[in-house]
Every structure is written in C-alpha cells, then in structure tokens.
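Can you keep this structure in mind? I'll have questions shortly.
In this document, chain identifiers A, B, C and D correspond to the written order of the chains, with residue numbering beginning at 1 in each.
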Amino acid sequence: MARKLRMGMIGGSLDAFIGAVHRRGAALDGEIELVCGAFSSNPEKSKATGEALYLPAERVYGSYEEMILKEKELPEGERMDFVAIVTPNHVHFPPAKMALENGFHVVLDKPITLNRAEAEELKKIWEKTNLVFCLTHNYTAYPMVKEARHLIRTGVIGKVRKVIVEYPQGWLYKLVEGAGTNRQADWRTDPARSGAAGGVGDIGTHAENLAEYITGLKITELLADLSIFVEGRRLDDDANMLLHFENGAKGILHNSQICHGEENDLNIRIYGELGGLKWRQMEPNTLLLLNQDTGTKVIRTGVNAVSRAAQVHTRQPAGHPEGYVETFASLYRNFAKAVRAKEAGEEPDPDFDFPGIEEGVRGMAFIDTVLKSNADGAVWTKFE
Amino acid sequence: MARKLRMGMIGGSLDAFIGAVHRRGAALDGEIELVCGAFSSNPEKSKATGEALYLPAERVYGSYEEMILKEKELPEGERMDFVAIVTPNHVHFPPAKMALENGFHVVLDKPITLNRAEAEELKKIWEKTNLVFCLTHNYTAYPMVKEARHLIRTGVIGKVRKVIVEYPQGWLYKLVEGAGTNRQADWRTDPARSGAAGGVGDIGTHAENLAEYITGLKITELLADLSIFVEGRRLDDDANMLLHFENGAKGILHNSQICHGEENDLNIRIYGELGGLKWRQMEPNTLLLLNQDTGTKVIRTGVNAVSRAAQVHTRQPAGHPEGYVETFASLYRNFAKAVRAKEAGEEPDPDFDFPGIEEGVRGMAFIDTVLKSNADGAVWTKFE
Amino acid sequence: MARKLRMGMIGGSLDAFIGAVHRRGAALDGEIELVCGAFSSNPEKSKATGEALYLPAERVYGSYEEMILKEKELPEGERMDFVAIVTPNHVHFPPAKMALENGFHVVLDKPITLNRAEAEELKKIWEKTNLVFCLTHNYTAYPMVKEARHLIRTGVIGKVRKVIVEYPQGWLYKLVEGAGTNRQADWRTDPARSGAAGGVGDIGTHAENLAEYITGLKITELLADLSIFVEGRRLDDDANMLLHFENGAKGILHNSQICHGEENDLNIRIYGELGGLKWRQMEPNTLLLLNQDTGTKVIRTGVNAVSRAAQVHTRQPAGHPEGYVETFASLYRNFAKAVRAKEAGEEPDPDFDFPGIEEGVRGMAFIDTVLKSNADGAVWTKFE
Amino acid sequence: MARKLRMGMIGGSLDAFIGAVHRRGAALDGEIELVCGAFSSNPEKSKATGEALYLPAERVYGSYEEMILKEKELPEGERMDFVAIVTPNHVHFPPAKMALENGFHVVLDKPITLNRAEAEELKKIWEKTNLVFCLTHNYTAYPMVKEARHLIRTGVIGKVRKVIVEYPQGWLYKLVEGAGTNRQADWRTDPARSGAAGGVGDIGTHAENLAEYITGLKITELLADLSIFVEGRRLDDDANMLLHFENGAKGILHNSQICHGEENDLNIRIYGELGGLKWRQMEPNTLLLLNQDTGTKVIRTGVNAVSRAAQVHTRQPAGHPEGYVETFASLYRNFAKAVRAKEAGEEPDPDFDFPGIEEGVRGMAFIDTVLKSNADGAVWTKFE
C-alpha cells in the first residue's frame, strides 16, 4: 500500500474542538489524508465543514451511516480505509460498531463509550474482526512518558511505592453550561451525552490511564470522594481519590474542573525504592529523575540518550518544543503503521504502541468503580 | 525592659539539628540573648556545647531541672526570662510543665508533646499562668503565608472549595535508623521518643497546621491511609489523606519520608470561587494568585503591595532571598514582642502572631484522628 | 480557488532536518498539499524521498530547474502554485530567482541568500512580479511574540530602553563537522555553502529579526566580537554584540553554538519606561509582563485576553502546549492566506503577517555589519 | 580567646538598609557580639539606634573617631575587637584607615572606597599591620558559588570559553532620588557620596567580582557602554560590557537599575570545553551543571555530594532554603575564624575564605576601566 491511508471523519464540524486536533494530528506526518466526512448530524453544517476542508462535495455525507455504506461501495483504490470518530460520548458506540462491522479500522476519541456495557459489547464486536482500533488517550504518546515507562520497566527507580497523579483544570469554575454559548461545557456536563461521570470521565480517565501505563501496575482498589461544587451542575466537577496498586504501592489521583486558574495541568510523580520520576504535561519535553543521594537529573527530548520508544516519538532536535498536537500525530502515525503491518501480515512494532479497546474497557470500569465508591460514601472499592 | 530577653535552652547539643536553628533564629533580630542551657542529659555534652557557645561555665547545667531551679534563684536582672525546649518529643512535656510552674515563658518545638493527654494537661497548666507560650510551627511565619491568609480573609479568592497540601521528603527512603549513625532518624522513628506517629507527627502536623492557618477553616473529618514502606521501620513513613473542611471544602493532605529525591517540599494550593493560591516552601518568597480569566499574578516579597502582616515578616528588599532561619527568627521576635507586651500590660499586636498551646493540642488531636482512621481501615473519621 | 494550495519542494530529502519541518508545517492546517518535489541534487535520493512521501513518480524531479520548467507546462488545475526552498544557503538564490521568473510564489528558508548582493538582486526580481514571498524567520510566529509586539505597540511598557536578546546553543561545542557524519554541521560550517558567517548567519539573524520585530525599532549601530572557539572550524561559533537602537535604546545580542549543554534557548527581555517583557522560545506559551511596583503578570496562550494577532496564532486551549512546528504552520497558513488574497485582489490581513524579502535583505545587511565590525577590531559600526 | 568577638559598628542607624543586614549576619552564628557603635554622624540618631539595639549608653558614640579612640582605651577584656563599617562610600576610607592605624580589624562594605587612590592608600596602610580585613562582596559566600568555583578548579567543565554575568535591577527606573524620601537612592546616585560610578560601582563590581572569583580568571580587557536613562540622574543607571579574559575566554557583563520589574537578579553562566554552569542569586541553593551529551544535573545544597568549601557554607538540610543573610553570616563567621587563627598564630583555613583588600582594589580598578572605556566612546580598554 504505497499510498497515504484514507481517513473518513465522523463529527468534528468547524465549531468543535477535538475534531480539528484529530485532523491536524492525522495530517502532521504525511501518512494519512482526509478523504471524506460526516461532520455533523446537521447536513448543512457537515457540508460547510467539508467545503472548508476542500473536500469534494460527493464525499461529504449527511450522516455517518450514509458515509459508511456509500464508502463501502467505492472501489478499493478510492474508498476510505478507516474512520476517526470525534463526536460526543453518546455517539461513540453506534458508529464504531457500524464501522467495524463494515470492515473499517477505527480511531475513537476517549472515553470509549457512554457506559461500560457498550464498551464490553464493542470489545466483542472488535474481537471478531481483524481490524485495528485506536483509542486516543493521547497523553501517553509524549516521548517523556515513553521514557518514564522505560525507566520503570528497566528498574531504574526500583519497585514503585507511591504514585501521585493530578489533573486540575479550572474552566468549569462557574456555571458556563446550559446557555448554549459553550458547546464543550454543554455536552460534557450533560449525563445524556457525557455519561454518568463528568470530570472523572473526561479527564480522570486520562490520569488513570497515564498512571497505569507508566508504572505498568494495575490499580486494584480505590476510594473516591466526588463533588459538584457549582450549583446547577449535573455531573461531578471535582474528584479526590486514594489508590492501591497491585504490587502494594499506594497513590493519590485527583482531577478537577474547578481549580480556578489551572489550565490543563496533568502531571505525575512516581517514587520507587531507588529513585523518583516527575513529569508535567504542560512542560512535556522534560522528565526529572530524582535521587535522594545523587540529586536530580534532567532528561530532555533530543538531549539525553533515551530509549528507542522515546526517540521515535520525538520529531525535533533539542530545544525546539513539541506539544499537544504531536501526541495525536503519534497516535495516528502508530495506527497507520499498525494498519500497514496488518495488511503486510507483520507483527506491529512494540515501540510504536497506542491505546486500544482494552484501555477503553478499563477506563469505563474505572468510571464505574469511582462512581460506586462515591455513592457508597467514599469507601474502599475493588477495581477489577 | 530595655534589654534583650534572656533565653535558657533545653536540648540542642552540638550534634543536634533543631537546636542550632533555634539559636540562630533567636539571635537574628537582636531581641534575645542565650544566657544559659541544659543542652544534653549527658553533662559532658552539655558542658562542651556551652563552651562552644561561649557561655560561662556556671550557666551550663547538667539537667533542665537544675537549670530551672537554679535560674529561678538568680536575681531578676540576671536570670533567664524563658526556656526554649528543643529536645525529642518525649522530653517536651516534663520541662515545659516545670518551666511554666516556675514562672518561665516557654518556646517549644513541635509537636507539642508525646501524646494528646500530655498536651491537654499542659494546656491546663498554662491556663493557670500569665505566661507566654510559643510552639514553633515555623512555616506559618513566612511572609507569603501571611499574605495568603490575608488574601483569603479579605475574600480575594472567595469561598474556599479545594485545598491540596503536600509534604514530601525522601530522607527515610531506606532504613537509616537503628545503627546509631543518624541521630535524627533514630529518635524520630522510635515510638518511645517520637510518639505513636512517625511522619504524620513530624511533618504531617505542619501540613495540617499550614492548611488550617491559611484558610482559617477547620478540618472536620478525614480519612487516612498510612504505610510503612521500609522494612524494619516502626512508625509510618507515608500518609495519604482526604479531608473535609467545615465550610464544605474538600482536600487532600499527603506527607511522606520515602519520596526518593524530595527534599522538604511542603506546599499548598487553595482554590476558591473567585481564584486560586499556590505557595511552595522551597521557593518561599513567591505566592501565585491564579485566576481563570485574567491569568496568574506573581506576588513577591518586597515587590507587590502586601498586607502589614506580610510586611512585618519580611526583612530584605526584593530579590534578596529569605528562607528557613527567618521563620524561626520571626517566631522568636514575635514571642519577644508578646512577652514585652504582657509585661507592659498591653494587648499583643495581631500581625505579629505565632502558634501557641491551642495549635499544639490540635496537632495532637490530628495525630490521634489520623491513627484512628488508619487503624479502622482507612475510613472517614471525625476530627474534633 | 476552493482547493488546497499546491506546494513543490526544493531540497528536503529524507536525511535533512528542515525539510521535514516545512512539510509538517505546511500540512498542519490543511491549506496546502505537497504535489511535487526536487528533493536532492542526487536523483536517486530525490526519487526515494518522493516515494516515501507517497508522491507519484512523475512529479518527483531530478533538479529544481526541471521541476520549475515541467510544472509550468502543467494545466492550472494541476501544477504547483508555489515552491518551498529548504536547501543549504548557497542553493537559495538560484531556485528562488528561477521560481519567481517563472511565475511561482516562493517560501524560502532563512537566511535569504548566500550574501547581500544576491539578496538585493532577488529583491529587485521579486519587485517586478506580483508574487508572494515568505522567508521563514519562524520564531516571530509564536503567539506570545505577537502579543509582546502588540503590548509594545500599544504603549504598555512605554518607550523601550533596553533589549537583551540571546541565542545560545551548544551542539557545535566540539568539531563534529568534516567527518561526513553530521550533515547539518558539515554545511553550516562551510563558507561555500553557508556564507561568510557561521552562527551569526544561522541563529544570530533570528535574534536580530526577533528584536526588531517585537520592538518595532531598528538597530542603527552595533559592535560585534566574534570567535571561533573550536580548533579547525572555519566560521564563527560565538558572537557577543552591543546594540544601539534608533530611539536611543541600548541592547545586547549574543549567539553561540559552543554553550555546552544549551539546547536552543532563544530568548528576549525588553525593558521600557513603564514595564518589562520576557519571553523564552523553549517555553513559548508564556510571556511575562513585569512591573517594578505591581509585580509580574503571567500571560499565557489561551488564558489571558490577548490581541487578535496573538489569538489567530494560537490553535489549542490553555495548557495544551504548542511549539515549534506550529510556527512553521503559521507561516504557511499566513502565506496561503496572502496568496488567496492576492488572487482575489484583496489586501492581506495585517494580523496574519509573515517575514518577506525586506527581512531577508536586512538579515544579510546584519551579517555584513557584524562581520565588518569584528574585522575592524570589534568597533562600533553603522547598521543601515 | 574563648569568647565572642566584639564588634563596633560605624554607620547603620535604624533607617539604613545594610547596617541591619550586617548586624543580623554577624549575630547569626553566635561568634560575634555587637558591643558598641557610632551609628550616625547625627548623635541623636546614633543614640536612638544604640538604645534600640540594647547597647549601654556609654558604648554609643557620637562619631567614629570618638569610638575608635575611646574603645582603644578600654581594657582588653572589654573593648571592641573590630569595626564594621556600613556607611555610604565616601565614609569608607577615613574610618577604615583610622581603625587599622589604631589596631582594630576591619569589616567594610563594598565598594571599598570612593575612588581608586583611596583604595590603594588603604592597601598600603593595611599591609603595615597584622590585622584582618574583610570586604563584604557577600555573593561569593553562597555555597553554590563555592561549588561552582570548585567544579571549575577541578576541571569539571574544562577550559572556560564564555562567561555571561548579569545584574539587572529595576528600582531606579524613575527619578526617586533627590526628594529626600528614598535614602538609598539619594546617596547611591550622588557622585559626592557614591563616587564616579553609579550602578557600576554599586552592583557592577559584584558582577565582576563574582565572575573572577568563580572562574579564577582575570578580565584583561573590556568595553563598556554606559547610560543614564532617567532624566535628572547624575550617575550611570545602565551598563553593557564585553569582556576578554586572560585565558582567551570571552564574556558579557551587564548591570542595570532601570530594568523595570527586575528585583536583584544577579546571575552567571559559564561555558567550558567540557560542560557549563548556571547559577542565579534569587534561587541560590541550586547550581546547574550542563552537558550537551548527558544533559543537566541539578546540584542542590544539602543533596549532592559537594566540596568541603560548599559544605561549610551550608547551614540547613536539603530543602530548607537559605538566603541573603546567610552570606553575610558566612563572611562574619569566616572573618572571625581568621581573627582567631591570627591570634593563635595559625594559617587561615582556605575553605573559609572571604574577599579582602585585593578584591577591593580590583573593584576600584574595574570602575576606573569601565568609566574610561565609556568616556573614550565605548572602546576596548585594558583592565590591569
């Protein structure tokens, strides 16, 4: 397949946030081209978006159902290879299911579905196919996250004892939803479109995914204290949790949308028997390796000798900052490699990994566990 | 009393840590002079310390009992005015009690006593006197802590919603106690000398005190998950807690001595309805005032217009860093002012405040509550 | 022209650095597609690069001359609209001249040409056309650079008094060139390919351009002290300069490639009568606005209310870091807008500005002035 | 001499800045006691200061001449051992001369005298005595400055190539002097009291001293471009300089009092053939050791294994910040050790060094060279 992979997008009209991120990420490395889209359930909006993206009118569809069915009819050299689904959570499962059932690979924005039952059903559907599935927990695609994981895997900080993962934001510090002026806030605080969790689903799942990915350890038990601080809000906007990990490590996870003045400060600290690690998403090209006796070593993209996994997720030389869009680019690039490997009958390269259906199901289980713990009075609850 | 206050020190021999800090703090502002001491229960060590401090031999005592009794007999123009007690925790209550009962003001290192019963008894003893009592929760004496408290009192960040207070250290990441080579570690991990809590008593109490001092809010309920990560250790070296405050605010407190590579990173973040505040002990001259809409304002000692309470705890112009020793200096300076005010029959100046017996009792109650919560399986426990 | 602009690339084979940056920048916003290329003077390398980029074989050329002539013959709906020239400096002028003379818009990597004479000739050629020309001084495309310029234009820091602009790198701290193992080092230290200046041409011109762009002030006089610290090197690897600006402001500019351990730390500080500004390329989403009396205000992309010019160069919400590749994307996006405006007979939008031929000629004059000052013994030299 | 050293202070009345810093520094380590003072040329002010400092009335003098003569008559067990001179620059030479001639050791605030001639005369006077002389270039007493010097001496960063030393302040960004409301500004901008240089004498000398102290290299040639930016000011408030060092290294030094919003940001960067070093006075407990290939190592007081010189200038464990007052404490402590060594006929300990008369004379030569270079049109000038 000596050609770019062909992407069809579901959702992502001009006034959405994450659709443009996906398009930029997919475009960055030149492996993928957008060939068609069903950008909105409103056909006028879909059409206007398609025009703005210079798509031919005949490849802009009024619904994802139409897109999947019509694209399927196109000849192989022309039809889309995969769909990228960037809709609100309640429109994750149906198009993902339909795409898989019609033979298209899938890239899906997180969280995977509206609830755990959908996630498990989607997993069953996917298992019957030979298709590639990518869930965009993008933060694990930062090179210094790859390096942190590598350092733990190779024993550099020894057995992990303590994990602190934080995800404070402040954008929902007051009631901005409901007035129709903030699309993002509107659907993310609406149980019908977002699911049973608010901030926990939106960003808490990123924190959980990051902690488990870097440490390689499963959370086995947690205790969650959720709040709705803003009057009139319907879903949690703040969460404080204590964690127990499978190896005996303990931890803290907190996420919030009411931390006034915080931007998007996902960060993690991990302490082991032999050292510590610190990473902040807002300065992603730096990883600190701490040692009580020899001090702190600064690991930077493009400077230190790092693992191959970190290297292949670094695009620029030292001091040329990389950021958020590159994480999506890496997911799309890795996904493309996996599709090509699959078509060639080869094993995927493990240094070009990406989150898939398992991480999606686990994220939904996390949400369920958190909600149950909180509903029971913020008590310890098994996370399976 | 147009003379320096006269200090007698109990504990603080040459090989101790906190004694020298107290001596430097007391000396810094020229309000206090060290006139005598019982620096060790070992008379030779006490003598050697006295000599190194240039004290006359006759004012260096073999025990605190001797010091208190003999000094009491000296004429008023000569005898000590107060004692500074800088011994391990199990030697807090007896000398403090004896000093108060013999008419001496007291400065006492935290935590106040070995257990809550002692603390409450000491309180009763003190209430019968007309003496000044200072407990050296020194971190609240930083000018930017004073300013943070002022900003909350004056409503700048509105009603507090969330508090995150952290106190990670790494110096006990392995078993350093017991070999007789680390005096600090030896007594701080020994239940007989330190009390029933390890890190929670040593540093967790600072975190609790800081959070309540700045916010002006009491913690009413907490849940604590304590660990001993280092094999062979007898007291907690790691603690993760969730907090509920009296006004409905929620919080997280964690302290640790096994965070490999962390120095002494006490820090606090507070988010209210109108803004946020961030302060780190390791860069104490900076306070960040966050706002989601207008961005972050950097408040620095000597730069911004700040409250009188912050001003009177600042000694240097902008950019001339102040640090840890100044916090002890401020406590001693404020204590000296309070003693002079008392002798003059005046009210103490509220901008020159310092922690006293109440904070001490509350600290012991905190330890008890934490231990109980943890013993009961890390469950929610009232903190009264 | 409701279609993407069509780009033909000159230079940028797979083992080059800046070509991939240009391709990613051009792709990011979906306004441009790569349709052809002459990626190397080595036809095999050019062909391999074209294949890796999924270009049809017939649009991959063995030389830029062939590309320009053959593309010119293609029908309007198919042929390239502009060339992007990403070759070493000695291959800037010939293809730029030929492209302009054959009616193609040009994007050219900096510095504009091998020497000032070429630059001035190119300017004359360009003035006879109605074509759009963009020089990729990319650092001025950061949103916080736009905002800094806006704050100075609107008088926020008052009349500028002092400018400090720095560009330290360390990658040439030893002799890495000449062995054929470091292509970047090889040509950048070779007078025949790089021009008469080394570091001054490569990065000093960025510093000069940034300082003049943000302040809106011309440097009128300078004094330069150049060095070659590494034995065997042929061009300057370190430069220290003093500057005088047209309004009486004074300044310092230094650039270096031997600052061991420095990555790419372009940064600028500007002090005026009413305030100061600080910006660092390695943390590009932050701009500090200093005031002696009211303290420092942190301006962040996506947080504070900023100028339209800053807004339109920001792609992500607060705390989702943007970086280096976005600066190239902005140049290409702005260039594309200018081409479309020109075709529509409209004025370009001033908030979507980009460097052009004037900045290129000024850069070459800067190099000449610096070299003359240094050759004369590091003396004050007029910069016209 | 098993007693504290006795200090007599000249200058330093209650409304002065640096006098209190000296008193606190001298008091901190318990080696020195203030026994007398001539705190002001105004006897009433001197008396009020003495009272506030709890000095006996008979040891508070109306003039330094009176103090020196009367103290000399006191018995050895009572009279002062040394004078600390903390007056404006024009009152440095006369009391220093008189103290030395009457057998008193001297601690003198920098710059040493009003001009070079005085400095050289003072040197001659001192050389005839057997007395200890300390000039309070305090910034070299920071532990991480000691460590930086040690790392260079032991070859860790190899031969030094480039030095950048900066000292920006902003407190004189407007005309604050002359109204009698800012004593500091009044005398520091008055040629009769400050000398022929303004900022260069006040802070430029610190920068020069720091650069030469850390690198162990002399500046042999410099070029200075001075400015008076504030109308009505009489002395330089901004200076930009290029430097040449004896080993071929090059450098930049700039100091300013008009950098709006800068506090006291003395900092230095040094790049050698094998690595780099960075240190900032405003975060003094951190030293960065840079390496292009292995990245940056963070060296912190109390954490890393450091030289004995750094250790003996560190008072607190890791993460308990130390600051400005400790630098004065170290100078006074080291001075006291030197006095005791002298009295014992021993060699001083080289790890407890402090600046003396040589550094003072060199500082005055620096000022002269800078002024000459600037007066000649900002040209290269030998610095001998």
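The rule is short, and it goes like this: a contact is a pair of C-beta atoms (placed from the backbone, for glycine too) under 8 Å apart; a residue touches a chain by one contact, two chains touch by 3 or more.
Owing to the predicted nature of the structure, the values given are computational and were not obtained by experimental measurement.
By number of C-beta pairs in contact, C-D leads over the other of A-D and C-D. Checking A-C, B-C or C-D against A-B, more than half of the residue-numbered contact pairs recur only at C-D. Centres computed as Cα averages put subunit B at a distance of 34 Å from subunit D. Rounded to whole angstrom, the centroid-to-centroid distance between subunit A and subunit D, based on C-alpha atoms, equals 55 Å.
With centres set at the average Cα position, the gap from subunit C to subunit D is 44 Å.
The residues of subunit D that reach two or more other chains are 171, 262, 292, 295-296, 300, 303, listed in rising order.
Looking at the complex, you find that subunit B touches subunit C at residues 292-300, 303-305. Here subunit A touches subunit C in the complex through residues 2-4, 17, 20-21, 23-24, 27-30, 34, 51, 53-54, 169, 171, 262-265, 281-284, 300, 302-303, 315-326, going by the rule given at the top.
For subunit D in complex with subunit C, the touching residues are 157, 161-162, 164, 170-171, 173-174, 223, 225, 227, 229, 238, 240, 242, 250-252, 254, 256, 258-262, 269, 271-276, 290-292, 295-296, 377-380.
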